[in-house]
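In what comes next, subunit A is part of two complexes: it sits with subunit B in the first one and with subunit C in the second one.
Our next item is the complex of A and B:
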């Protein structure tokens, strides 16, 4: 006997599978968003929202959502136009829009709180409308990481658990109103290691990919202590999982050693492959079907010198699937890989963009690239290397040229982590996907 | 008065039950009698309650993980709220009642006192005060019935919360191992020839029993004293050398200390027992841990620096750590590979048969 809410979720999955036949990748906006998202940005983004970790002794010390004007035609271009503190410090990390793009869900990996911001009415002034703190109690999972829009639902990937703060975890489904619907453990059989990180769905193939990072014990640990602890270093995910989306059941576990993180499907029509980067081994991995239509994951490239642990931490795929930005945290480098042949990516450009760099997001047209600095509070560099910023660049296919920069330390904001774009309501169009 | 009588009755009933408990075979008689079930149950609830930390993320059980031998198998040294670093390995709480002093430096005299240290330590559960914890517990509706059952008429406070957590910790009794059945129970087939050879080495030539004591009728496997075996100095020396980082099995690289300092905090010093006594002669001395259930409680040593029992045996075979000030009775043993293997085999006989049951009970 299942609850009405759970039955409703199953029904929506059936509808989701039916919709998969006609679903097409988004034709605007960021390239990492859920394919179920509407209200896409057609051209220039107006705002970049930065989910920012509070720092003890800096400003109000609180975690906050920082909104920066990103429209070059605006008088406040490149400036912080809004800052909304949520109280306390709980290891701010990632965000994700609901399918209607009206709300932005943002998580904290330490205390597992989820903050829901209204960005639909006036994205220049996001408003906190809900705080969800039920995930540990409802699911036993800790560390809400990825927020992935599904029809009327948010799929939330956990990183850890309430029993031992290790890496075994799972995914939680919430309604857009914040009601808990269902939970799904990450697989621990048939090669599964139970870890989780990112979610990426290919509706046409009824396929959901998940990747694997590590548990609270490791992501909250001082990075110097962590790398010197051989026991802790054994506790990273080494798998990706292909799920039957409609059934929400693992279909196949891939061996992808060294913590595969962000997953990006190619958005080029007709493409059915995804790419990821493994943080510890500094490799690019391709997930696609083989000649027998069986999904496989294979290593296709190397990022920097793996022996120096460059730590690739974020990737951003171009809208045409022909290129990939990769940020490597340790050497502060932003790299561009030519993905014309996804089986053999080639690095064609690199630039040191900071003393430490983490997230990289590009506009749909690929002309603007945004970079932030913070990885995790206890993994960020120490002393003068602990730069905290958002840097915006223009990309002409040859060179990253600085547009503007916000110094998050000077502005007494905190550690700049995940970014999301919004546009003033008139600039968004639900029909963008059909263009 | 009536509640005192009730408590006494519960206590007597529990004590009688313990006398016939095979889990106590080989264990020294405990100084404190078993507590009333209602008190143990309240302590269990408190022990695993993450709401008892300042930000609701940590409980006692996050570092003393039931499925990991009530220790932390996955970390050399654990962390507290917001990931703050701790200096020492989380010891198992199995049979913790046998200790005459608590913590590896012996700074607490009772489990009741010990329980408050992690609750209030800024790098562990970081509560501002015992009163703040008591107020929080008192505000939680799900504690009303358990508290009333354990302490009729009493409110949560430093004494009652400490007593309850201590009662649960004392209930984690895990004797009756295969070794106990053989050595104290007279069950000849409970151990193998190799394990018995390892035990002989343990008692005599290898000298382990000098500190990991064995009595005539029982064995605590600890002398309750503090010794410098060279791990304290080794830890300091390790902080000057490049660190070998195993990224994934089979792929390792070296990281210099300079590179490590660019993204890691400086390791905190740890002077061991000297931090309690102030006596420089006690520097880097740590209390002898019991070896009961040792197969389940790695990594080993005060800083978790040795991952396996095999590594521990190798450490002692070398004569302990490289420290001129270490205990004089540590010297190279010259054990053969077979002898080392037999020592490890013996150590693995010390696992109580009820540990899994205790872990299941913890998660009720």
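Our next item is the complex of A and C:
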């Protein structure tokens, strides 16, 4: 039987009959993405994309998205296979996928521009499809930091504001097409300091957690000058906030001194706790419900010797919620904490992985760990200590063993900051294949 | 819960002759939190619904707008052979739950509609009618629609932000899998998408409150 529907399709699909095989991400993922995101990579990642700060006098001097082949079965394994310059230098920082993992949003903290890359069709060759520069004008916020996928839209955490370039800021929501939807100020009452940094959502609890860092005046300042300025050093965030996700309203402010940064919910089914690291005080903090089901934040561990300010700058939780990688910038050390008891994390391994280390990302299976070097352009070390790299390691549960390294200075790329993984697409056809 | 609908989807895929069985009702799991009260929060407009031409279950052409304006609308995009428990069956389970909640409130039911729009050209009007026969039929309108053309479908999917593709890998003896991310769209009376639900947040109690929030916003319901 030929229905009107099918007849219509047959007529109109003629032009699509040659329907090319199109790209879509394989099902597979690392451990720190939004729970609203699809296409998790649970196997071997094929590419690592590094959001890279341009450096004056190095290569084309521009900020760029660098794509590195990470599949050991590839002829170009460990090599840069693509580099997409976006023009200018605006303090590039973090990235996040849209809910369908088709696009990668990436921000710059200085000029507040947001770049949207298509990584769905061919992740080996990301394509810049949109630039959004409206955030300061639309919201009064500066420094788009975290990009957190929500259904059909992107939640963007700011770090600063247009009025005084201090730490008071908020979150902006954009549709996946790049249209502004709404803004939400960080709370300044009931203990709130108005600062922002990271976002992490637990949909099952209708709970969103945010953390707090510092404003443009500080993150754009030379680090040596900053630490010598006691007034400036007072202007760091000391709070986390629990939000009613549906209502997008602050529910409770936690005192978490010393700039709590990345937040990770345990991904183990049934777990309902999150962990973060405070940069200036070098502590691990746990957020979970108490016996009365009230959400609480409490200090549960120390990272290195806090008196030496090792500066924990990034964390990566294992898929089973039983382990946590922590990078400390100042001593260039990558540390592993046993989280079997999240109330009492224990450091069980450490390795100096660079003269300065910032981001750490692991594969879903925990077998590969990637590390980059740059914190902020004006906070990175000087001279020979200013190494810039992506280093890949294998992890067998006992030792980090080098797999490959890309020297971002030698390759004239810039400062290596945030990483995201993609996988080659499965073979899929357009709708015409249904005929 | 979700698995209960899988056999139904298979039956539906076989055609109306196989539809003698009653559709099982899937109980909704209560959320592990207290949802905010309806009307106590805002749902900012996310995007407009796209324009397009659709066919109803009798093969008649309509402007999609007729199904996305004038009432608060919960719209799902689906295909009949979808058997992914986290895909279309999960959406139908949530919609059945909401159908029953709203049908019990005639004052609300007349201001709300459910719409299921197929993105599979193999889903014939007859099959859509079978869906309607088994899932609609209460005082709450539930329309089963298909796109009138592939170009129109592509434009509507792009407008909704719904990506689909046909899996080329897998068992050739099995029905082809259309890869898609489950999304349901809550649309206000003016055709603006106000919330999008994916698998991670299909909570009928919250969705009911969202529907009520839009009605309260328009003065058509009370807190």
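Keep this in mind: the second predicted complex is superposed on the first by the 398 of 435 C-alpha atoms of A that agree within 3 Å, B and C clash if a C-alpha of one lies under 4 Å from a C-alpha of the other, contacts with A are read in each partner's own complex, and residues count from 1 in each chain.
Here is the rule we go by: a residue touches a chain if its C-beta (ideal position, glycine included) is under 8 Å from a C-beta of that chain, and two chains touch if they have at least 3 such contacts.
Small disclaimer: the values here were computed from a predicted structure and weren't measured.
**Q** If we overlay the two complexes on their shared chain A, which of subunit B and subunit C does A:344 touch? Say first, second, both or neither.
**A** neither
**Q** With the two structures laid over each other on chain A, which partner does A:136 touch: subunit B (first), subunit C (second), both, or neither?
**A** first
**Q** Where does A:203 make contact in the superposed view: on subunit B (first), on subunit C (second), on both, or on neither?
**A** second
**Q** If we overlay the two complexes on their shared chain A, which of subunit B and subunit C does A:177 touch? Say first, second, both or neither.
**A** It touches subunit C, and subunit B stays clear.
**Q** Would you check which partner chain A:352 touches, where first means subunit B only, second means subunit C only, and both and neither mean what they say?
**A** A:352 contacts neither subunit B nor subunit C.
**Q** Which holds for A:36: it touches subunit B only (first), subunit C only (second), both, or neither?
**A** So A:36 only meets subunit C here.
**Q** Quick one: classify A:255 as touching subunit B (first), subunit C (second), both or neither.
**A** The answer is neither, since A:255 touches no partner chain.
**Q** Would you please give the residues of subunit A that touch subunit B in one complex and also touch subunit C in the other complex?
**A** None.
**Q** Going by the contact rule at the top, pick out the subunit B residues touching subunit A in the complex.
**A** Residues in contact with subunit A: 50, 55-57, 61-62, 65, 67-68, 73-79, 82-83, 85, 243, 245-249, 251, 253, 255, 260-265, 267, 299, 304, 307, 363.
**Q** Across the complex, what residues on subunit A touch subunit B?
**A** Going by the criterion above, the answer is residues 88-91, 110-112, 136, 142, 162-166, 216-217, 219-225, 227-236, 238, 257-258, 280-281, 306-309, 330, 377-383, 385.
**Q** List the residues on subunit A that touch subunit C in their complex, please.
**A** 1, 3-6, 8-9, 11-13, 16, 21-22, 24, 35-36, 38, 99-100, 102, 120, 151-153, 173, 175-177, 179, 181-182, 203-207, 244, 246-249, 426-435
**Q** For the complex, which residues does subunit C have touching subunit A?
**A** It comes out as residues 31-33, 35-36, 40-42, 44-47, 55, 59, 119-126, 146, 148-151, 153-154, 161, 163-169, 176, 178-179, 181, 183, 193, 195-198, 200-201, 206.
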